[in-house]
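To start, I am sharing the structure in question, which I have written as structure tokens.
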């Protein structure tokens, strides 16, 4: 399948009022499957709408959605894709979202309960014959990372939020960081052509 | 009743991905009524949650919500207040929100249909014995402005998005702008002590 | 000459701490001239550095800089181009920048005094045999607008901050706004193929 | 001396154009000394100007500036305080700032060369009889952290960018992160009443 970044993620945090990180939105697709990876945040829904419109892809033709983990800056726009099958790590179901804060409880419940078809992952699957899933619970208990073999960009590492910017990646590669997350990213990226960051521009890796 | 600004609005627009204006959120309250004016955008829901938590005010105790107009940066967080009565200009009901874009249609429909009790305004009411409503369709066809007599801040002008920053206000007062919106703001503000802007800090007026 | 937008401008304003609008940065160039129009704000200098690096254009090979007006979000990065000739409306020289606030006075003085070669405009010139200058003092007393005949994008209108987003443009075209600025933009844009906004994406005009 | 946060830092990063983190600006003061810690970024100079104006403190009465490290989002506004003595770790002087990129080289050189009086630190000093300096080169080679005994807020930890948000702090305290930076922050914060983050709100520590 071919891979395309639809929205490049970033961070907007300006105390005391603005807390708005927003994640990178990507698509993996061929003639049959239209797989959205991390549909992203509220601050980018207009950009996502515009992009899908340019691709002439109605929301109900998105077949699948893969979530690196269940945090609001990654999942909000999942509410727009009611016909998709959701691929999420099984740990997401253990949380009682309604027990969160007064507003966050409502928001998480609304989004999570909008997923009609969920395929729970254990974090060691191979999906769509081209995606290897890794369980990487170093940012949240339900966090997965992906390695994808694509037709147009070689092998791609998507480390999710365990390595969300170029700076973090360089720290891992150079050994400044040496925890489990850093080691996973360092070793796995050696065999990849691109790293797709959740809150930064994609990086081509020279091997 | 007393008046308090809970969240000061602003603008975050960074092409091509980020389109995130967010409006000022205010509350008018006494022992009985808790009236939220423009509940605001997604980018400030965490700040709003924190503020309401500090006030020990659960969302289901908000009695009323007044909307200056039905644009997403003003209305998103209305979904959290399911027990409130919504006061909105009647023109909002003439739009077919589902006919908007693929994502925006869904989003507007979801938010607007979450309002269970709606009191439609004509734009010449007096509400709660202290709020004068003015029909000011210079930004959208359903736009209203408010003049509120408060116990703690004197008389307040809330011009909504027809004058959304201090710079626009100064342009109106000095006569650089002279359209209907500018004239309304110039004349009305003369009798007020504060202007509450939708996307800027409140301004005390020296009379 | 050919025209290219190097950085698309936007607005980042998040009270009480962040006041950071940033303007669109454009270049007009052929084999001899490299003309930067509004070098832009501090928040985009890294993007501008990256862009110039990709173009293999050292800062001292920028021959000319045209400023729509002397506001910090448009002029800050002018300090990097010490060899350029600056084309600015003559009114800019009438202000005593050092009398501004304690920090703003220093900042404006530093930037303005870094311009070694200044060609003062009256606002009715034709520059480089392809740029018509118009004096449009509706945003600041030294504000000019530009109409440029390009080789690659037809005729371009650059209205500066008198019409800085698509929304303002639509309001002018549809007649919601009808002051001098709106009339200038409406009439002039009829003969153009593109409008380049200072704080929004470029717009292709269908004629 | 008394301590006050003048500007709360944050992060504004929106690819591909906006790269604008901005750091917290603090002041330590008594009748004689006015010590600014990390004067901060361009995006907050207007907020800083307003704050100093409210304090009736002209820029030339700032006596000292302490820098946690020499990165632009922390140092830009240092150019406004020409009479101050700068306290910086000695390693800052080993870098050839002019060899940075075409624009960044100029910008860093301009700011660094504006410091007329520099007191080089080794990272084990006690300053002003109330500040303990620690050499913490885990973010940059010239990075220091501070522990300050204040009259109004008890003992304060300023870990600079080795722990720049609450989330990082919690990760360090709970042991999710366990590198040298995390250990320093965890141990040192046990004896403090507040942690002042460079890109997040201050946190009161319950001991």
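Structural remarks
Each chain gets a letter, A, B, C and D, in the order it is written, and its residues are counted from 1.
Criterion: contacts are C-beta pairs under 8 Å (C-beta built on N, C-alpha and C of every residue); 3 or more make two chains touch, one makes a residue touch a chain.
If you're wondering where the values come from, they're calculated on a predicted model, not measured in any experiment.
Within the contact network of the assembly, the step distance from chain A to chain C comes to 1. Homomeric contact chain C/chain D is classed as same-residue, with over half of its interface positions used by both copies. With centres defined by CA atoms alone, the chain at the far end from chain D is B. Inter-chain centre distance (chain B to chain C, centres taken as mean C-alpha positions): 33 Å.
Rounded to a whole number, the gap between the C-alpha centres of chain C and chain D is 34 angstrom. Shown for chain B are the residues in touch with two or more other chains, namely 8, 10, 12, 14-18. Viewed as a network of touching protein chains, the structure reduces to a complete graph with every chain in contact with every other. Chain D makes touch with chain A in their complex at residues 8-16, 18, 138, 176-179, 199-201.
Across the interface of their complex, chain C is touched by residues 12, 14-15, 17-18 of chain A. Residues of chain A touching chain B in their complex: 7-8, 10, 12, 14, 16-20, 22, 41-49, 52-53, 58-59, 76-77, 79-80, 101-104, 106-107, 110.
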